[in-house]
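Below you'll find the structure I mean.
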Amino acid sequence: MKKIFEYTKGMLPVSTHYCPGCTHGIAHRLVMEVLEERGLLGESIGVAPIGCSILSHNYMNVDMCESAHGRAPAVASGIRRAMPDKIVFTYQGDGDLASIGAGEIVHAAHRGEKFTTIFVNNAIYGMTGGQMAPTTLIGQKSTTGIEGRKKEISGMPLRVAEMLATIDGAVFVERVALNTPANIRKAKKAIDKAFAVQEKRLGFSFVEVLSTCPTNWGLNPVESLKWLGKNMIPYYPLGNLRSPEEVE
Amino acid sequence: MKKIFEYTKGMLPVSTHYCPGCTHGIAHRLVMEVLEERGLLGESIGVAPIGCSILSHNYMNVDMCESAHGRAPAVASGIRRAMPDKIVFTYQGDGDLASIGAGEIVHAAHRGEKFTTIFVNNAIYGMTGGQMAPTTLIGQKSTTGIEGRKKEISGMPLRVAEMLATIDGAVFVERVALNTPANIRKAKKAIDKAFAVQEKRLGFSFVEVLSTCPTNWGLNPVESLKWLGKNMIPYYPLGNLRSPEEVE
Amino acid sequence: MATHKIFIAGFGGQGIILIGQMIAHAGMLEGKEVTFLPSYGPEMRGGTANCTVIVSDAPISCPIIDQATCLVVMNQPSLIRFEKIVAPGGDIFVNTSLIKHKVEREDVTVHNVDSGEIAKELGNERAANIVMLGALIKHLEIVKLESIEKVLAEVFSGSKADLLQLNQRALSTWKK
Amino acid sequence: MATHKIFIAGFGGQGIILIGQMIAHAGMLEGKEVTFLPSYGPEMRGGTANCTVIVSDAPISCPIIDQATCLVVMNQPSLIRFEKIVAPGGDIFVNTSLIKHKVEREDVTVHNVDSGEIAKELGNERAANIVMLGALIKHLEIVKLESIEKVLAEVFSGSKADLLQLNQRALSTWKK
Amino acid sequence: MKEKKLMKGNEAFAEAAIRGGCSLYFGYPITPQNEIPEYMSRELHKVGGTFAQAESELAAINMAYGGALTGKHVFISSSSPGIALMQEGMSFLASAEVPLVIMNVSRGGPGVGGIQPGQGDYRQVTKGGGNGDYHVPVFAPASIQESVDIIYEAVPIADEYRNPVMVLVDGMLGQMMEPVVLPPIRRQITSEEIAQKKPWALTGHKGERTHNVVKSLRLKPDELEKHNIHLEDKYKKMKRELIRYQTDRLQGATVVFVAFGTMSRIINEAVDHLEKAGIKAGIIRPISLWPFPDQAFDEIDPCTKVIISAELSLGQMMEDIKSAVAGRFPVELIYRVGGMVPTPMEVADKTKKILEVIA
Amino acid sequence: MKEKKLMKGNEAFAEAAIRGGCSLYFGYPITPQNEIPEYMSRELHKVGGTFAQAESELAAINMAYGGALTGKHVFISSSSPGIALMQEGMSFLASAEVPLVIMNVSRGGPGVGGIQPGQGDYRQVTKGGGNGDYHVPVFAPASIQESVDIIYEAVPIADEYRNPVMVLVDGMLGQMMEPVVLPPIRRQITSEEIAQKKPWALTGHKGERTHNVVKSLRLKPDELEKHNIHLEDKYKKMKRELIRYQTDRLQGATVVFVAFGTMSRIINEAVDHLEKAGIKAGIIRPISLWPFPDQAFDEIDPCTKVIISAELSLGQMMEDIKSAVAGRFPVELIYRVGGMVPTPMEVADKTKKILEVIA
Amino acid sequence: MAKGILKFNKDRCKGCELCVVVCPKMILKIHDYEVNAMGYRPISVTDMDQCIGCGSCALMCPDGVISIYTEEVPAK
Amino acid sequence: MAKGILKFNKDRCKGCELCVVVCPKMILKIHDYEVNAMGYRPISVTDMDQCIGCGSCALMCPDGVISIYTEEVPAK
C-alpha cells in the first residue's frame, strides 16, 4: 500500500484544544510538514505566542517556549543570537503580532533577524473571546464592536504583510489562506520557501496565513471557510510581496 | 519698517538647551509658525517625547505634556479622544518614535487618529549620547557601533515614512529636511499641510523631518548640514508619500 | 437555613447560562441571597458550558463550590465529568434525551427528564433548558414557580416575545 | 590623613576628564584611595564638562562633594558657576588664558596659570590641560610627579605616542 | 429600598465607572476582565463618552494619561500581567500628578499563570512596580456591591489627590453575578468645572493664560527633591485619610483572621464553623490595602493567641501584617494559590492545626 | 596582590559579566548606564559573544529570555523606568524558571524623574512589580569592586535557582571610577555542559529526546498551585542561602544605622563624625535587599536607643527594617532624594537631633 | 484514476465537516450515531470505492484524522 | 533689490554659523571677541548694506536670533 497522505511526525499524536474546524490545526500541520520534510524537526526552536496557539507546544514536535504577549519576535531574536546554527520560528496570532507586538515584529524585520514568522490572521482575538483586532474587517462584528468595525472609530484594518514588505530586512513576505485545498497547497509552498530563506540565512521571512475562527465569528466551520474567501481575501490579497532570488 | 522675518510668538522668549547648531530649534520654530499663522496656538495641545526635545514644552507656547518614552502617540490618542475640538500633535525623535515607540506610531496611523506627528529623524539617540538608532545609516558611527552600523548585525536603517504610508489611516505622509533654506521652506509647507489635514479631521498626518545632531555626529554644525544632505537624503528621499485631495 | 448549590453543565448553545441566571434572578426577587458564576475563559473552548448558582437565606461566602446540592446535566460528557460533584443525598437531573449513560452514584436522587423530547413535542427543541428548569423547580423548590415565571416574562420580551408562550408551556410541562 | 577633593571644570574638548582621571590613576599607583566622578547625562549638553577627583589615605565615602579642597577652572563660565564650591582656605587654579574675570573669594589661594598660552608656546594649544595638571601637582603635591609621569606615558602610548614628548614638556613647564 | 439588579461583576464595575462620571475608557482584552471593555464599547458612547481599544496595556495607560490630563475622568482596567505592563505608566502618572481610576481584575500568576482567581498581585499593586518614590492607593472590595460603591467613590478620590487609584478584585468577582444597587448618575465634569477645579489641565491656553505643562522630568536634583517631598506629603495625607477596614468579633477571639476580597468571604463562613467547634475567631478585613490599616491591629484583644493571614497568595499580605503587629502576636498563614480556593471547612481545619501547635 | 585597574563603574560591571561567562547582552540606551551597552558593543564579540541593541527594554528582557532559555548566560542592564518596563518579563522569567542577571543602575524617580543617583527603586526591585507570587534576589553593592564581585557571582546563582537575579547600584557607582581588581575569566558554558546541567534548555531535540518546553501558562488551578509551591520552596531556599550583610560597631552603639550602596559609604563617615562627638554609632549594611537580612537585627546591642534607616528614598527600606525589628527598637529615617546626597556631617547633625528627641 | 483508501483516526475527529465539503466525490459524511471519546460525531466514508485519492480531505482536516493510501499506480 | 535690515537677539546666539554659510552675500560673521551671556561668540554683520533681505539666515537659525526688516518696497 502506497502512502498518499499521512499525518506528519512533526505533530505529536494528541488531540488539540482548538475548536472544531479551527484552521490553526492546518497551519500547525503545514509548518511541521515543512520542517519534517527539510529534516529540521530536531534542529528547530519554536516560539509560541499568547493566543489560542499558546499551547501549540503541546502539539508541535520541536523544542518550544511560550512568550509574553506580543514579544515572540524579541524572544526569537534572542534565541537566534544565542543559537546561530538552529532554525528558529515564531507562530503568532493577529492580536499578538499586529496589536501589542507591532513594535517587536517591525524590529525583527528591521534588524533582518534570521528567523521565520508564521502569522495566523483570523481577524479577531480568539482566545479572549472575540474582541476586535487590528485586522478585523470593516463591518465585522466583535465583542468590542457589536455593530461591526467602523472606520471612523477604529480605522481601516491593518495589512501587516504590506507594511513589513517595506522593510529591507524582511526578505520574504507572502500572504496565503487556508480556505481551500488549493490555497493550502500554496500556503505550504510559501512556508517552505520561508524556511528555505532562513536556512540560507538571507534575512527575516514572514508568512501571513489567513485563518478562521468559527467560534468567535459566530459561524460554523464550513461557513467560516466561505466567509474567509469572500471577505478576507479581497481585503487581504494573497500572493508574494517579497522574495529573494535565491529561493525562486 | 516692514517685517521680513520675526521670531514667531509661538516660541517663548527663552534660550533653548539644544547644542549649538542643532536643528531641533528650526523644527520647533516651523511647527510654532504654522500654528501661529493658523491661529491655533491657543487651541493646541502638544506632546513632548523622551529625547532631547523632552523640554520642548519650555519653548513652545502651547499647552504641553511630557510622555513616557515612545508613548507620545498613545498619549495624543487619549487627548484627541478627550478633546475632539482641539489640535493635537506629537513631536518625537527617532529613538522615541522609530524604536521603543514603533508600535504606538503604527497604531496611531492604523486607527487613523486625527492628530499630527512631527518626527525629527537625526539618525541617532541624541539625549543619551549617541547610541545607534533604527535610523542610523550603514557605516555611521555611534557609541554602540563604533565601527559604524553593519547590515549583518543591525539590519538596514528603517524608513518610517515609507512604512507608515502603507497604512490607510495615515492620510498625509511627507519627508522633509532642514539642511538648506529651500528645504526649510518646503518643510514648513509640509507641516502646514499636515495641520490642514488635521483641521479637516481627515486622518493621521505625519511629517518626517531630517535633522542634525552635531554633538553626537562628531561634526560641527555646518559640516552636519552637509552630512545630512550628502548621506541622509539619498537614503531617506524627500517628498510627499501620501496626501489627501482635500489639501492639494 | 436552606442553601442550594446548583451546578448546571452541558454544551454551548443549550441555554445553560440562561437557566442558571434565571434561578439566581428569581432568588433575588424573593429577597434571597444569590450568586451566579459561569465557567469562563479558554476552558469554554470545545463548546462546553457550565455554571454554579447558589441561592441561600444567609450571605454567601464563596460562589465557587466544591460540592453541589444539585447537579443538572444536559449532555453526556457533563454527566461523566461532574457526577462526583454532588454531595451525598443530593440530586442529579439528567437530560435523558441526550444522555444514555447511567448515573453510577447510589447515594443521590436521580431525576430523569426527557427534556429534549418534550421540547421537541412542544415545537422547539431549543426549549429543552426551560423544560429542565421547570422540572428542577418543581422538585426542589429552590424558588417559587411564580418568581421564575416573572423572570421568564422578562427574558422573553421585546424581540423575543414571540417565544414566551412556548417557554411558558415548557416550564410547566414537566410533571413529577 | 590627607584628603584632596579636586573639582575640575571647563568645556568639552579641553581635556578636563583626562586630567581628572590621570590624578586618580596616579593616586591609585601610589596605593592611595581614589575616586573619580564625571558630570554625566544631558547636563553635558551645551559643551560643559566637569569632574570630581578625591585622593585620600583613608577609604572614601562619597565621590560627590559639597566642598572642594581645590578647584581647577579652564574657562570663564566655570569660574563663575563653581567659585563657591571651594572650602575656605582652599585653592583655585585659574586658566588665565581664557579667564579674564577675577576670583572674588578672598578666603582661598588663587593660582593663575596661563596654561593656554604656555601650551601654545610649546607648540600645541591642546596641551593646556597638561600644563594645568603640572601646576596643580607642583603646588599641592596630591600625588608624586613621577606617578603622573608614569600615567602620562601610559596615556600617550600607541597611536598617541608622538604626543608624549610635548606633553611631558607641558607637565614640567610650570614653575611655582 | 433601591432597586436591585442581578449583574455580572465586570459589567457592574463598568457601569459604576460610567455613573461615577467617567467619560473615557481605554482597554485591551485580557481574561477575566473582558466584559469591562465590551460593556464600555456598547455603553460609553450613549453617555457622550468614548471607548477606544488600545493596542496594548502600555498604550492603554498612556492613552488614559492623555485623556486624564485634559481634566476629564478616565477609567481603565486590566488583569495581572497587563497591570505589570502599566507599571512605568503608573509611576509616570503619579509623578505628573494625573488622576486615574484603574481596575485590576486579577488572576493567578506569576507570568501568564492562569485565569482563575488569585491574590498574588498584592505586592505588585501595594508596593508598586514602577520606579521611584510613589504610591497608588488600592482598595479591595469583597462583593460586587462594594466594588461598585468603591469605584464610584474612587473617581473623586483620584481627583482630590491628583494620583492614580486602584481597585483590586479577583477574577471571581469579575465573572460572577450578584444583586447590586447601582449608584445615581454623577454628572460628567464640564469644561467650566475643569477650568476652575483643575487649572493644571491641558485644554489649550486660548491666549488667556500662560501655557500649561504636565511633566515628569526634573533634571535638577533640588527641584526633584522638592517634588518628591511634595508627593510624600500627599501620601502621608492619604495614609491619614484613605484607610478603610472592617473588624468583626475581635472581642475575646482566640484567633484573628486577616483577609480581603474573595478570601474574606470564605473566612466569614470559616469563622462560623470554628465557633461551632468552640473556637472564638475574629476578622480584620482590610479594604484599603495601601494605605494598610495598621490601626486595626490595635483593636485586637490581648487574649488573642494567633493572627492568621488568609490569602490566595503565598504570604504577601503577611509582611504588612507583621509590620503592623510589631511583634505583639504570632502571625501565621493559610493560603491556596494558582486559582485554587479553599473551602471554609478547609480553613477551619487548618486553623485548628495551627492552634494545636501554638497551644 | 592582583593588579588594580582604575575603571568606570559601568565598564567594570560589563567586564565582570563577560568574565563571569556571559556571552549575550541585550540592551537599550538609558542614562546613567549607557556605558554598559556601549562597552558590550565593543567587547562582547571579542570573546565570541553577541551584543544586540534592543528596540526597547521590553524587547531587551524578552530577547534575554530567548537567549537564556538556550542555556547560555545572559546579562542585561537598564535604569529605573527601564526596569519598570521589564516587570512583566521578570515575572514571566521567574515563572518559566529561566536564569538571568539584570543590573539596575538606578536614578531619581518617580516617572522620568532625573538622572542623578537615587535609591527610590527599593520597592520596585525588592517587592516586585510583576504579577503573582515570585521573587528576584537583589544585591546592592557599595563599591565598584564589590559590584564586580557580585555580578561575577550572580551568574552561577541565577543558574542554581533558575531565576533572575538583580544587582542594584545607583547612577553614581555606574559613573564614577575606582580602582578594581577584576576576577579571572570564567569559561563560557559549552553545549555539552548545557546538555548535562540544563536538561530543560531549548537546543533542538535532534530526535534524541522528547521535545523540551519552557512555559508559563498553567490553566489548571491544581497544576498552577503545585508550580507556585515549587517556586515558593526555591524562594525559601534563597532566604536561607542568599542573605548577605555586614555589621560594624554594633557593640555598645547608641544608634544603629541601616544603609546600603552609596548611602552606606556616607554613613561610614558619619559614624566617625558622631564618634568624635561622643556618640557611639553602629552600622548594618544589607547587601542582599531581598532576601532582607532580618537576622542582622538580632545582633543589635540591647542598649541601642534607636535604629536609623538612612536612604536616598523616602523610607522604603524602613518597612523591611520595622518588620525585622518587630517592635524591639524605635526606627527612624534620614533621607535625601531626587539625586540629592547628604554629606556625612548632615547625617551626623540629623542623628543628633533624633537622639535629642528620643532622650 | 487512482483509488484511494482512507484511514481515519476517529478519536481525533471533531466533526467539523471541512473534509466533507472539499471532497470532489462527496463520499464523506459525519457519522449518524457514533460518538467518539471527545463527544463528537466523527467522520465516515459512504463509498470508499469512489475515492480518487486526491488528498483534499486530508489537506483540509485541521485535526490529522485522515490518512490516504493507494494500492495502484495512478493510470496516466 | 530690497535692502534688509537685520536685528540680532545676541544673547540667544550660540555661534553655530549656520546663518553664516547660507548667506548669499557672505556678510555674516561670528564676532571676534564679544562673548554673550551663555559664553558664546555671537553673530555679527560685516556690511549691512549688502543685505538683500532674502531671509535665509533667519530661516536657518535654530535659535531665533535674527529678525529681518526692510524699509523699501522691493523693486521688481
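Letters A, B, C, D, E, F, G and H name the chains as they come in the text, with residue numbers starting at 1 for each one.
Here, a residue touches a chain if its C-beta (ideal position, glycine included) is under 8 Å from a C-beta of that chain, and two chains touch if they have at least 3 such contacts.
All figures in this text were calculated on a predicted structure; none of them were measured in a lab.
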item	value
Count of contact steps on the shortest path from subunit B to subunit C	2
Busiest interface, counted in C-beta pairs	E-F
Centroid spacing, where centroids are CA-atom means, of subunit B and subunit G in whole angstrom	59
Mean-CA-position distance for subunit G and subunit D (Å)	86
Where subunit B and subunit E are represented by their mean Cα positions, the distance between them in whole Å	39
Subunit H residues counted as touching two or more neighbouring chains	38
Subunit E residues counted as touching two or more neighbouring chains	31, 52, 55-56, 58, 81, 88, 92, 96, 111-112, 115, 216-217, 219
Residue list for subunit D, restricted to those that touch at least two other chains	41-42, 46
Residues of subunit F touching subunit E in the complex	58, 80-81, 83-85, 87-88, 91-96, 106-116, 118, 120-121, 123-124, 127-134, 216-229, 231-232, 313-314, 316, 319, 322-323, 326-328, 336-340
Of subunit G, residues touching subunit C in the complex	35, 38-39
Residue numbers on subunit A that touch subunit E, as the complex places them	50, 54, 66, 68-70, 95, 99-100, 102, 125, 127-129, 131-132, 134, 143-146, 153-154
Subunit D contact footprint on subunit F (complex, rising order)	4, 6, 31-32, 115, 117, 171-172, 175-179, 262, 265-269, 341, 343-344
Interface residues, subunit D side, partner subunit F - complex	21, 24-25, 28, 34-38, 40-42, 59-64, 66
